[in-house]
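Scrolling down, you'll hit the structures one after another.
Both complexes shown next keep subunit A, but they swap its partner, so subunit B is in the first and subunit C is in the second.
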Partner chain A sequence: MKTRILAGALAAAMVTGPALAELTFPSLSYRTGPYAANGIPFADGYADYFTLLNERDGGIGGEMINMIECETGYNTEKGVECYESTKGEGALVYQPLSTGITYQLIPRVTADGIPLHTLGYGRTSAANGKVFEWVFNYPATYWDGASVAIKYLLDENGGDLSGKKIALVYHNSAYGKEPIRTLTELSGQHGFDLLELPVDHPGQEQRSTWVQVRQQRPDYVLMWGWGVMNQVAIQEAVNIRFPMENFIGIWWSGSENDVKPAGDGANGYKALNFHAPGADFAIYDDLKTHVYDAGKAAGAGDQMGTVLYNRGLYAAMIAAEGARKAQEIHGVSAITPAQMRDGLEQLAIDEARMEELGLGGFGPTFESSCASHGGSGRVAVNQWNAADGKWEVLTDYIQSDQELIGRLVEEDSVAYAEENGIEMRCQ
Partner chain B sequence: MPDQVLFAIEVMLNGLMAGVLYALVALGFVLIFKASGIFNYAQGVMALFAALTLVGIMEGQVPFEHLINVVFGTEIHGFGWTVPALLAIILTMVVMVIFAWLVNKLVLRHLVNQEPIILFMATIGLAYFLEGLGDMMWGSDIKALDVGLPQGLNTWIDETTFNLFGYGFYIDNLDISAAIIAALLVAGLVVFSQYTKQGRALRAVADDHQAALSVGISLNYIWVLTWSIAGFVALVAGIMWGAKSGVQFSLSLIALKALPVLMLGGFTSIPGAIVGGLIIGVGEKLFEFLVGPLVGGATENWFAYVLALIFLVFRPQGLFGERLIERV
Partner chain C sequence: MIYREAGQYRTSYLDDGQTFPIRLDRWAHWLLIAVAVLVVPFIINDYWANAILLPFLIYAIAALGLNILTGYCGQVSLGTGGFMAVGAYACYKLMTSFPDISIAIHVVLAGLITAIVGILFGLPSLRIKGFYLAVATLAAQFFLVWLFNRVPWFYNYSASGQISAPERTIFGLPVTGPETSAAVTYLFCLAFVLASAWICRNLTRGALGRKWMAIRDMDIAAEIIGVNPLHAKLTAFGVSSFFVGIAGALFFSVYLGAVEVGEAFGINKSFLVLFMIIIGGLGSILGSFLGAAFMVLLPVFLKNVLTGGLGWPTDLAAHLEFMIVGGLIVFFLIVEPHGLAQLWRLLKEKLRLWPFPH
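Coming up: the complex of A and B.
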């Protein structure tokens, strides 16, 4: 009798249970904790894109997508736990949205043979695919960001920054320190003084930093911040009446969350970005039809068009396109993580493809290769319009100094390869 | 006067102002520790919860809005009204009193006579519960908080010091407000504890639980009262810190800033919290200004603890703490 009940239950589960998902994308998200306000829109965008593909296209290449969400709370240990608990599910690519988790996962994904895509964060020199076989950080790295910020300021100053003083207000962590090397090189090249002002985690109290800014009177301030550090820094800059148009943040210091608490004072603040803000893209029509109106939106469904929601969409789009490319290369629909790596390594995002995806003009075009995992390094400058409550795109995508970045990436990654006994590939 | 001296004076003044903000957080810890011997790990989260509740009420947000919409399929998006800041502060205080009553009823009453470490662990649980509750009630987004306090550079100080020294000092109007409010708060607490029946009962419980019970003071009532006052202090701290950064979940981390203040000032002294806050504020800011550039900066977090430890070497009970003599 027991066996019959068990068999019946099993049969019922097979009939009524969810369809077997073939393409698994873990989402290491943080909807709780001090960084939840940033984690939620990204996680929502990431989930909604995959939902759209499942609902509209039946997945990718005929295979349904299974997105597994795991809460990290932006905590490195929890992030590693999430990785360990989901990697056995056939995970195709990880995008942890945390530099701390990224550094812990690099050796793990290398050993396990699972791709890691750190979209504009993580270890910059992972752009060298000859050393970091499983890690990708396109379409732009922190060093591209530093280079583009200086290029933009050169344009603003008739090509001459000599004698100018540029302050870098940065999160005192591996992430915040990333641009220092590039900026030091550029300071030597262009003759500007670089003033380094670290801010300790979490950055709730920055009075010393901004008193120094007031005393030292830099012409420009660049910021590498995250979370509460951004809001406090922008408010402090408003307090000391620093001209906001001379204050430029990296893309992790350039969301609506960062500027809104400072109100009208934040008007004119600038931030770098490697994708567009807003909801004026064809994909939003499809999202509305197949996801929002169908009641399938992730979270509270209130993040559409925000910078971080769009970044989540963009991250998911790259993962999906990587999977599509892998299917094309290998002629199978149910791909493995190693095949996914091949897809990500031969990915080409051109304007025609972006148009097809309903994302025309959304981000820079780029190509990946065995040696190059860092993208084109093209970044735009956006500016906050407080009256309209939205980011405006100020420039086209500006090309970073590829010669300098290439040299720095090579030096750092080769040193890493020597330290870790990694044999160069793509020879 | 040389520029460096002027800069140092400006840094010192800002340190005093920052110290007041640290003291505001430390006060909440002291009140509860003094009355019940509990180190309330949840004090930072109470500041967050109070600030979230205040903004939620001001903006006419429906508590548990997202949860209600998901469970019942409704499309509720706020009550459609806004509440003036003063009324919202009063309503938030009512919520904090209810919270204090619930903490006593559901947690503390069941842990009477337990070891201090058990009570401490209970407050850790309380902190996580309260953080989750705040998230469910009011959402995780960053909320701008404006209760009408002036913010930004004080022009009068800037101009006056510029006319005197040729360099205008930067003092934030919000910090000046915080200093005035902290002074009023401490004066109010002193008057309350010295001249009211409840205040005297509170001090009696703080001195000796058993003796207070024996003369008919209700321990439950005193604990609810203490947690309510701590809730009010948390609300004030939440307003001040929330106005600087927006109300967001990292607000709970301000508790980290209070720990060195408590170590230095003593866990049982209200003046200790104030003086400790000022010493930590000035010490960390001056150290950052004078030594920071030589060691790569970002010294404030660790220097506050080092300063507190140095004081502990000479006064283990803190500057104003009570020396414990236990006879066996």
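Coming up: the complex of A and C.
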């Protein structure tokens, strides 16, 4: 009898033991509001990847993953509330999926010592790890996006854009304004005219913007949009018969949700992307067995293989790989946020590792270092095929103009460091 | 039973005119302030400060400000968000231009700048009334947000158009920036709230407040008995904008630390503060606090109960939150159109007689 009680107690201790020291990943998601159409697939992908790791591998390095979801509605005040309510739970890394919330969190995470990973969004100059110790934005930044878009257009035009007119339709917020600095620089370099067309939050009303496009007749339109703004912009572009193949969106303006409402008219619309669309990856077999068929899929479970769902998977993959790296460096399985930071800083995603994860050819390879938190800056162009209802990969990963972006990042981050009295690291 | 008023005599005008004529109320009020000042700072943590108390205190100042204009002077304003933005940007420009001057002075100066802007936008109120004035202030809202987005000087030419508060200290303790402690920011805001409430209360029961109320109740009659509508309306706009500006400055510098004008000070903010005073009670200082508490604390409370307590999915909880808060607003407005403050007034009348009603 006594042994049975003891064994029971031991079993209970073993069950509860790991649960106490689990790895906490907060998910600041938005499934409501004008940005929900884009927020839901990302949040689902993010959650499903962690569920897969828990179900298939028993977490990361033997530690179960505890993902806490918190609804921000893309609103900075709620984002702050979410941050404050989850940081006490031992949050390892924040991925707020909002440039506005990122700007809020950069000083806070720096003070609290929790890493912040903004996957292809947020403050571009945070790529300079010498200044932004706790912030990571690999594998590509907005300025990489702007540079690659122009590079692609240069290719299309035989290397000469002089005299061309390029319009930038952007969300009138920190997010949308990010690429302006690079594009202004590039317009001087290549001699094209840049036409800035801001669209105010939430972007449901864009008639005047597109009337301007019709009047000014730009040769190309670039778009930095998000949420309902994307769908409206693409529909308006169809309405004024703007040639879709001359319309290029950033990676946040290139999901199925954005193009489908415009129907066949959206055929040929292009968008940048730093990972592959579609569900032709080995990981989807595992997801099917361990997550979908087990009834553990997040949300409505209808987003598999969409661009933003894949991006959610990708974001979770990087967080998980960062944690794994941290466990490897420090030799402990229950890592702290500070150890997580080391893991993210020394993270290297190569082809072999992606193959192992069932994500062969999914994204560009990149390496992080003390000085560089911005990744390799390689971006591909995708094109929407309305007839088949899917995104097709048009180009290889194109390398952005690292020299120019490096200079701009240095300029902006050094100014930030001076303003805030930050000492440079990695000397 | 709860209120024991036997033996409380008011023998002078001073006794009669005080804010809390009943001794128990007075004690409760002092006790509340004592707890807020002496106890809360020691038990507060980051979550309570940044997610609950700071927004509550700051919105309470904004609601006090709007209540002066709308509740006491009867001028409907939909420009609160825009005026908060003026406060925030004024504070930012002052903070970055004069880093050596105390942040407390900057916040007050930001309030004064907002007061001037408020008076400018209040000029049309001399000619137009009611809904038409509401539309004119709506124009202020959109114009101000557009202005702060359009003119890079206001955000010091930063690439993202965001303004972020650098670290500023008071008595060596940081009140803005990331290194702040919960207790310091809380006390800083609390000081402004207490001062604002005290000023508002004393303004509204003095000659100025009576002029405002006369204009509110019937402007022609007020004019005939000698109230100058130009003076009354413009002072209401000025005083109201002063407090709204202070709220905006604190909202930006202490609470959020970085804002984007369209997102933080959009039309939604104007409506939010207007709802606060309608639900709390127009023309009531207590109502401003109750309304702010209702609109700030209830969503956080529901979120914590539904997702934290019951473990429901976040989207379901967020949608339910809208429904419950919306339903409660409708409920309170039907049960008591004069707001939570009136509800409290009625309750107090009952409590004073209880358990021996007539």
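Going forward, the second predicted complex is superposed on the first by the 407 of 427 C-alpha atoms of A that agree within 3 Å, B and C clash if a C-alpha of one lies under 4 Å from a C-alpha of the other, contacts with A are read in each partner's own complex, and residues count from 1 in each chain.
The rule is short, and it goes like this: contacts are C-beta pairs under 8 Å (C-beta built on N, C-alpha and C of every residue); 3 or more make two chains touch, one makes a residue touch a chain.
No experiment lies behind these values; they were computed from the predicted model shown.
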{"item": "Room on subunit A for both subunit B and subunit C (clash or fit)", "value": "clash"}
{"item": "Touched partner set for A:G62, first subunit B, second subunit C, both or neither", "value": "neither"}
{"item": "Partner chain(s) touched by A:R31 [first = subunit B, second = subunit C, both, neither]", "value": "both"}
{"item": "Touching partner for A:R241 - first (subunit B), second (subunit C), both, neither", "value": "first"}
{"item": "Subunit B versus subunit C as contact partner of A:G389, first or second or both or neither", "value": "neither"}
{"item": "First, second, both or neither for A:K260, with subunit B first and subunit C second", "value": "first"}
{"item": "Subunit B versus subunit C as contact partner of A:E178, first or second or both or neither", "value": "second"}
{"item": "Touching partner for A:Y103 - first (subunit B), second (subunit C), both, neither", "value": "second"}
{"item": "Touching partner for A:G191 - first (subunit B), second (subunit C), both, neither", "value": "neither"}
{"item": "Partner chain(s) touched by A:V232 [first = subunit B, second = subunit C, both, neither]", "value": "first"}
{"item": "Subunit B clash site on subunit C (candidates 74-82, 200-208, 218-226 or 326-334)", "value": "326-334"}
{"item": "Subunit B and subunit C contact sites that coincide on subunit A, given as residue numbers", "value": "31-32, 36, 40, 172, 198, 200-201"}
{"item": "Residues of subunit A defined as touching subunit C within the complex", "value": "29, 31-32, 36, 40, 69-71, 73, 75-77, 80-81, 84-85, 87-88, 99-100, 103-104, 107-108, 110-111, 123, 125, 172-174, 177-178, 180-181, 198, 200-201, 299, 412, 419-420"}
{"item": "Of all residues in subunit B, those that touch subunit A in their complex", "value": "3, 7, 10-11, 14-15, 17-18, 21, 66, 69, 131-132, 135, 139-146, 151-153, 170, 172, 241, 244-246, 248-254, 257, 284-285, 288-289, 292, 296-298, 300-301"}
{"item": "List of subunit C residues in touch with subunit A within their complex", "value": "45-47, 50-51, 55, 149, 159-162, 164, 166-167, 177-179, 255-260, 262-264, 266, 300, 303-304, 307, 313-315, 317-319"}
{"item": "Residues of subunit A that touch subunit B when the two form their complex", "value": "31-37, 40, 172, 196-202, 204-205, 207-208, 210-212, 214-215, 227-228, 231-232, 235, 238-241, 257, 260-261, 263, 265, 300"}
